[in-house]
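The following pair of complexes shares a single chain, chain A, combined with chain B in the former and chain C in the latter.
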Partner chain A sequence: MSIANVLEIARKYPCREQIITELNDLIGSPSEPLPNAIYVYGHTGTGKTAIVTEFLQSLPIKSKILSCIECYTSKLLYEHVLNSFYSHTVSKSNNYTPFVKCESMHGFIESLRQLPADSSYIICLEDAERLRDMDINILPTVLRLQEMTGLNICTILISQLPFDKFYLKTGLVEVQTIFFPQYTKAETQTILGNDFVNVKKRLASKLDNNEWSKILDDLESDFYDNYLNIFLNVFYRACRDFPELRSISRDCFQVYVEPVLNGTIDRNDVSKLWRNISKPLSAALTAVYMRMDSAAENQSNKALEDNQSFKRISQSVELPYYAKYLLIAAYLASHNAANQDKRLFVKNHGKQKKRLQTVNAQAKVTEKMQTNLGPKSFTVDRLLAIFYAILDEKVGLTCNLLSQISSLVHLKFLSFVSGEGNLMEGSARLQCTVGLDFVSHIGRIVGFNVMQYLCDFM
Partner chain B sequence: RLSLVGTPKRNIQLSNIVEEVLFNGNSSLAESNRTNTPRRSRKINSTYDEDFICDEPKTPKRQKTSTSTPSSKSSAMTPTQKMKLIRSGAISAAIESRDNPLKRRKSDFEVARERLHVSAVPQSLPCREQEFDNIYTFLEGKLQDQCGGCMYVSGVPGTGKTATVTGVIRALKRDAELDIVPEFDYIEINGMRLTEPRQAYVQIYKQLTGKTVSWEHAHALLEKRFTTPGPRRQTTILLVDELDILCNRRQDVVYSLLDWPTKSTARLVVVTIANTMDLPERMLMSKVTSRLGLTRLTFQPYSHKQLQEIVTARLSGSEAFKGDAVQLVARKVAAVSGDARRALDICRRATEIAEETTKDKTVSMMHVQKALNEMIATLKVQAIKKCSKLEKLFLQAVAAEVARTGIEETTFLGVYTQLESIAAFMGVTVPVLGRALQICSKLGAERLLICEHSRTDIFMKILLNVSSDDIYFALQLKNN
Partner chain C sequence: MDPTLSVSKGVFVFNGASERSKQKGRRKSSKKVVDVSSLLGKEITDQPYYQTYKKTWQSLKADIERIHEEHCTKTMTEIMEFIKSSYENNMDNILPTAALLTGINQPDHHQQFKTLSDHIQDEHFGACTILEGRDCPNLKATIEAMVSGFIDGADNDEDDDEDDHNKKSLRRGQYTMHVLESWYKTEYPDGKKTLVVILPGFECFNIQNLQDFILIMHSYCNRIPLVLVLGVATAISALHSSLPYHVTSRMQLKIFQLESALTGLNNIIEEVLLSPYYKFHLSGKSFTFLTDTFLFYDFSIHGFVQGVKYCLMEHFHQGNAFSLCDDYFDSLEKISKLSHEDFEMIRQLPSFRPYVESFKDEPKEIIALLTDDEHLKKTLPGLLKECHIFLLLFRCFLEFFTVLVHDLPKAPVGRLRREVYSRCVSSKITELAEFKECWQMIGFLSKTEFVTKLQAAQDQTLKFCKENLSDDSISVECKEVVNSKFEKMDELLERVINAGMEATSKSSQEQTDLSKLSRRELKEKLLIMSKTEKPISEFIKSLNETLNYIKSEIILKHLLPFKKEGPPLLELFVFSDINSIRSHIVGAPRAALHTALNDPHHYLQCSCCEISATDDLLSTMPDICIAYKLHLESGRLINLYDWLQAFRYVVEPNHDDESEDVDPQIQARFTRAVAELQFLGYIKSTKRKTDHVTRLTW
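Here is the complex of A and B:
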């Protein structure tokens, strides 16, 4: 590839000059023999797929970029690659038939061999870790397609894992690896800073006030750099995923720039701006990776509430009265030891001797608490027994009650641990999958103190 | 007795009659079988087409088939027509032949090698006279009595079972031509050459008539043939090699193969061959074992004297081998397995070594010793010696971890800890974990270790596939 093209890509993807040069050295010139296979790996959001795709599209080489998640059978993988290399498009006119029907690796290799040998080919497989779960012969073969087909062909695998996780029992050939390191703080700031023009445009299209748009246009990139510095100081420790950072920074910038547009704060008064933004920023920090549109929009006025938005969702579940009690009973059954049941739920259980052993056992550290160790399993009998013990009124054991247990299972508030088939026999074991906050909230609604019945909090 | 003598030609016609009876008569079973038969895929690989050469038409029947096709030239046939002809047996498979065989005068070594080849079975097998007589008497008796029966022959591989039985058959064929014994048909199937036990029916029917049909159809036709009385039926000898492969869970194939001889109309003699002596008791159902009967014969492994005799018999007249060289081979092989094939292979390898290295015309002890080292001696020590430095350290670490824990199965993390300390002791930079995984998987691919897929990472379970003595031995020798 010409130097101009390489520079073009390097300009498009800043802070990746070294990797782009390396790629260019390996596969840049189509007349030279390609390497057998290249393994590209790095964390999410480091630009692996984007750069490799961009690079391959600018090369005068026939290439096919394919995700291994799409190819749930090997036949799809073979046929997609062959269709692309033979420039065959699957359409209605040919009744969606592939170029050649190819079921096996043998057929794939045979079809590849018939390609013209004077040009070069590249197969790029994304999510390559899935290759390990496909037919056992695929991974060893795609790494040495060159010697099998006699073509100038190269396979690029893209994955997040290091190549050490790929070795089969029968061994693999060596591959050329390219590592995409995560962007440093300065690099992230540079890349985000390049985006300022777009951010301004996007914001301007949202604002209907002409005066504000004018002020917005006047803003310098220094202003944005200051903002990014503040933003990254808060966020870089929690998240280095570039797409995520970009989307959050755009949302928060709107909040940041608003007082400047209003004229309440001078654009050069950094400390005042910082005080203004610090609260929304820390609120947004709790919503990283959640991508809640409503949360992003309401950030300006309901920051504190957003903080608990996840909790709100979980608490907005409406359940019938007995189902609430059943869920509480299930939580108690999961998080209390069965030998404590007599003490907790039977009215006249006799006096309990206070021994040093029990005192020691109760002085628990937080790691040993039942609520922290995760739920234990219980039988349906125990669930019903606890249910009747905590419920003040006496209700008949009707089929409605039993069907509520099964609908709690369907709603995934309970889950089967074992014996899913023999629920009626009594050997099925269930587990409660909701947390303490959720259950205590439900307890508050029905007027039942859950904490009182938990061994951990006595 | 002369009336019973049938030519192969008549044999084919007879089987055709059977088939016609089946189809023209109102046997609904055969009809339904025919319609149910799944059609074979028509596709034939073009490279195979040249391998089939049209036979000269021999019988009127065949003549008819070949003229009935639009054109008898193989090049003009469509694949479907060709497949039809192949399945009806009208054309047979042939392979390309070289233009003219080599006609050079062979050297002494080459002659010896030719004679020593496993496929060059001699006319009479030495050291198996007793067994030959045994089988011969059994089969001759069955032929003379015109009744059916079974025999079970067992023995470890390479003890001359199949060679003896086929030798007996050859002798009987010769005798049949001289009218000492009645004429008979001979069918041979091998369990290892079948993709599925039921394909045995197809093979048997194919050898009787030359036609290829589906197994259901073949089974029905064979059942018909063996259960209905035929006026001019002659005895059929069926040799079943590798009987244990034919034993599936239902054992229906073995059962019907052994049940047909019990029918008075069948006149079928079944000789079964397998490796294990107690196969009938261990694997077969009791009703099958009962039908197999108690006529059994066990081929003992060859002793060193017998092996020596076999090799000398093969080399008779040739001066290529020294007496003590043959004896060395015989003793070494007899001590391990008593396998005649192995002895012959070692002798052949010895002649090759002798031809390469020396000018004189005989194979001496030295060459035999070299061949033995090549073919018997363990290669693991060699493999360990040729490992890279880090691989050796890794093997040492695995052995050390096994010694430390006392359990054979180790995890990667434990081995890596050992590797760190050994590397520190030796003053070598410790490889990073990923590199160590790569080393481990390479050793696993060479089968010096047995390990899992490397996705299990530090929890990978590792077994040592060589003895730890081998490792110490290999590493010590290098140090000296």
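Here is the complex of A and C:
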């Protein structure tokens, strides 16, 4: 590939010149033999896929980029690659049939061999770690395609894991590896800074005020750099994921720039701007990775903050009255030992003998607390027995009640541990998957003190 | 489809338009003809009661649907806006996702998602496919279901009639994202149409599948405008806890909230069931039963509506006399169609008897009422009118009373119209402790509070009258009653406003110096003071007068329970058979099984199995019943051999005990009965003891 092209890509993806040159050295010239396989790895959001894709598209080589997640059967992998190498497109006219039917690796190699040998081919597989879960022969074979087909063909694997994680018992051929390191803070700032034009454009499309858009146009990149500096100082500790940083910085910039647009703060008054933005920034910091709607309206921001608190979450789940009790009963069944049931739920349970042994056994150590050990399983019968014990009124055992159990399972508040098929027989075991906070909140709503019925807190 | 006479005569096969007509019907619901009578014969559908039922139910249904529609329009339009605008400035290649918080009852929401998808399709900016968790056990099935949903769905839309059969549909395995992409490019080369994927029950999906599915959708969203709509039944936190960051980072999540099931129910009750337009009423018990089922068990509006429908059916099915439960002027025509039996039925209504007895001094009138159909026919309109007026006034003053009590602290009678209604309908409200509490609290109100409250109540009632009452004679009569009562009340209110706050005290003259009294004297004095009535201010006095007026003239006269206190023939308008709906709407599987096995006569109605006491055991009963009853007598572990012997003894009482070997036929019958019990989940085999089985129920 010409130097100009390389520079073009390098300009588009700053801070990656070295890697791009490396790629160019490996596969840049189509006339030379390609390496057997290249393994590209690095953390998410470091530009692996973007750079490789861009690079391959600018090469005069037939290439196919494919995600392994999408190839849930190996047949799809083979057929897509072949379709693309033979320039075959599925369409309504050929009733969406692939170029050849190819169900096995053998057929795949055979079909590849029939390709004209004078040109070069590249197969690029994203999310390559999924290859390990596919047919056993795929991974070793795609790394040795040159050998098997006699073509000038190269496989690029893109993954987040280091190559060590791919080793099989039978061994793999050595591959060229390219590592994409994480961007440093300075690099992040440079890249985000390059985004300024886009950010402006985006913001301008949201504003319908002409004057404001004009002020926005006048803003210089220094202003944005200042902002990014503030922004990264807050966020770089919590989050290094580039796309996430970019999306948050865009949202926060809108808040940052607003006082400048409506003229309340001068654009050069950095300290005042900082004071103005510090609160929204810390609010956004708590919502990092949540990816709620970024419309940055007050209302949604409020919803965001509300969603943080646990209370709000459990309040937003409205359950029918008996379902609440069933859930409490399930929690109690999951976090109390069955032999304590009599003591907890029967009125005249007799006197308990206190022996040193039992006292010692019951000594409360946090590690031993049932509530900290995780839920135990219980049968439907026990669930119903506890349900009837904690409910004051008398309810019939009706279909509606029983169907509540299954609807709780649907909502993932309960889960089957075993015997999902034989609910009828009574041997199915369930487990409660919600936490103490949630249950005690529900208990408070219906006026039931959950703590009182937990052995741990007695 | 030809109407078939009855279900009991056989099962009828209708050849021809099966699959296709169903599919078409699903797509174009407007074309669908609601044919309720397809199962029932003409002799039923022609009955007046059936026609009244059909009329009432259809308008009820239409109203409920309209309200439903109205209340979710807002969210729906918001979602549509989101979908429309999602690809206008999507620069980062992120999958736009709408999370719709629906509340827990999932079956109900399918309808809403269907409406949403219909809306999207009608407005022609997108195609839609709905994926159910149960159809998508793995990733392959999920993708295939989605792609086939789009491709086949669009095909069905376009070529409606002819070449549907000629078209070669694709093989299952061919539905891949690549095919979708090329299909999209040929169908919509301008890329204007958004493809919307709806997952109504997000919780029902396998999490791993869903993650991969989202990742795949994301990788295609720069080539095909895909939008994902997730129905979340619990809370947004569920979404965050089940999707890891590398998945959520590919989504642009926007949250929408549907109205909660509770408000939905309140709307339906207040705007439809309590609307004076409908003459059909539920008695207090059945009303509470239906709302309780909703609140305590399932939050299912659909279930509630079906419950109401069931009550409606039961009510009208009682006989043609109930066809009078209709608009007053329509019912006048129906009287002429009634037969002798129908009049007999009216005579047998519980409230008819007190009515007849009220003519104690006119035996002729009594005899005429009881024997002469023509005479009854003439008196009926008057009685019906009385009922209509009673019901209408009840509704008007319910409005008044609700405003009066709904915002009292802790709201003893209830905050909502439906709560107040169910209390008023089921018993004499004035006798309830809650009512007394309310009344006391109203008595403690300050002057301005009291006056504004009363005026608000009056305004609300008048507003209600204005909106809901028309100009026919009944409404006019009602309005007169309301107005006359309010006029009197205004007078009383006037007095309250003008009343002074000072106590008109008579005892103030004997102000003795308390400090000079001895201890004993003081005690006596205090005792006397406590016994003498406290001085009452004019305000209190007039307030009490007003309250008494309201109580005696409005509540005691018009908010009467729908029982014997009501006017005669009220039963025609009020459904009160709580037992039948309870047993029909709420299934109790265990209880039903127990009855069936313990007392087979209950269901079989055969002469041979009749028993007097529940623990009787007859040889004529089915084998499984005998085995079941015997197993009830045993403990946790049951010895099979003993059980067999007991079984044999019951089945063949005359058999001599000497012979050791059991007749193979009996043994086979016994084995089968045991197997059936095991299938029903009463016993299971155990390894603890040989030749024993464990009992599973108690």
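Please note the rule applied: the second predicted complex is superposed on the first by the 396 of 458 C-alpha atoms of A that agree within 3 Å, B and C clash if a C-alpha of one lies under 4 Å from a C-alpha of the other, contacts with A are read in each partner's own complex, and residues count from 1 in each chain.
Convention: contacts are C-beta pairs under 8 Å (C-beta built on N, C-alpha and C of every residue); 3 or more make two chains touch, one makes a residue touch a chain.
Worth saying up front: this structure is predicted, and the values here are computed from it rather than measured.
Enquirer: Between chain B and chain C, positioned on chain A by superposition, is the outcome a clash or a fit?
Expert: fit
Enquirer: Is A:Thr398 touching the first partner chain B, the second partner chain C, both, or neither of them?
Expert: second
Enquirer: Under the stated touch criterion, which partner chain does A:Tyr289 make contact with: chain B (first), chain C (second), both, or neither?
Expert: A:Tyr289 sits against chain C, while chain B stays out of touch.
Enquirer: With the two structures laid over each other on chain A, which partner does A:Asp118 touch: chain B (first), chain C (second), both, or neither?
Expert: It touches nothing on chain B or chain C.
Enquirer: Check the residue A:Arg132 against both partner chains and state whether it touches chain B (first), chain C (second), both, or neither.
Expert: In the superposition, A:Arg132 contacts chain B only.
Enquirer: Give one of first, second, both or neither to describe whether A:Asp208 is in contact with chain B, with chain C, with both, or with none.
Expert: Neither: A:Asp208 stays clear of chain B and chain C.
Enquirer: Based on the superposed arrangement, let me know which partner A:Asp218 touches: chain B (first), chain C (second), both, or neither?
Expert: Touch status of A:Asp218: no partner.
Enquirer: When both complexes are superposed, which of chain B and chain C contacts more residues belonging to chain A?
Expert: Greater contact footprint in residues on chain A: C.
Enquirer: What is the contact status of A:Phe166 with respect to chain B (first) and chain C (second): first, second, both, or neither?
Expert: A:Phe166: touches chain B, not chain C.
Enquirer: Once both structures are aligned on chain A, how many angstrom separate the closest C-alpha atoms of chain B and chain C?
Expert: Between chain B and chain C, the shortest C-alpha distance works out to 19 Å.
Enquirer: Looking at chain A, which of its residues have contacts with both chain B and chain C?
Expert: Common interface on chain A, chain B vs chain C: nothing in common.
Enquirer: Over in the complex, which chain A residues touch chain C? Could you list them?
Expert: Counting only chain A, the residues touching chain C are 44, 67, 69-70, 72-73, 75-76, 80, 83, 89-92, 95-97, 127, 198, 202, 205, 241, 243-244, 246-247, 289-295, 300, 303, 307, 313-314, 316-323, 395-404, 407, 410-413, 424-427.
Enquirer: Name, in rising order, each residue of chain B that touches chain A in their complex.
Expert: The contact residues of chain B facing chain A are 433-434, 437-438, 441-442, 444-446, 451-455, 457.
Enquirer: Could you please specify the touching residues of chain C with respect to chain A in the complex?
Expert: 89, 91-92, 101, 103-106, 138-140, 143, 168, 170, 173-174, 176-179, 182-183, 186, 201, 203-204, 212, 215-216, 219, 233-238, 240, 245-246, 248-249, 251-255, 260-262, 293-299, 586-591, 680-681, 684, 696
Enquirer: Which residues of chain A touch chain B in their complex?
Expert: 132, 162-172
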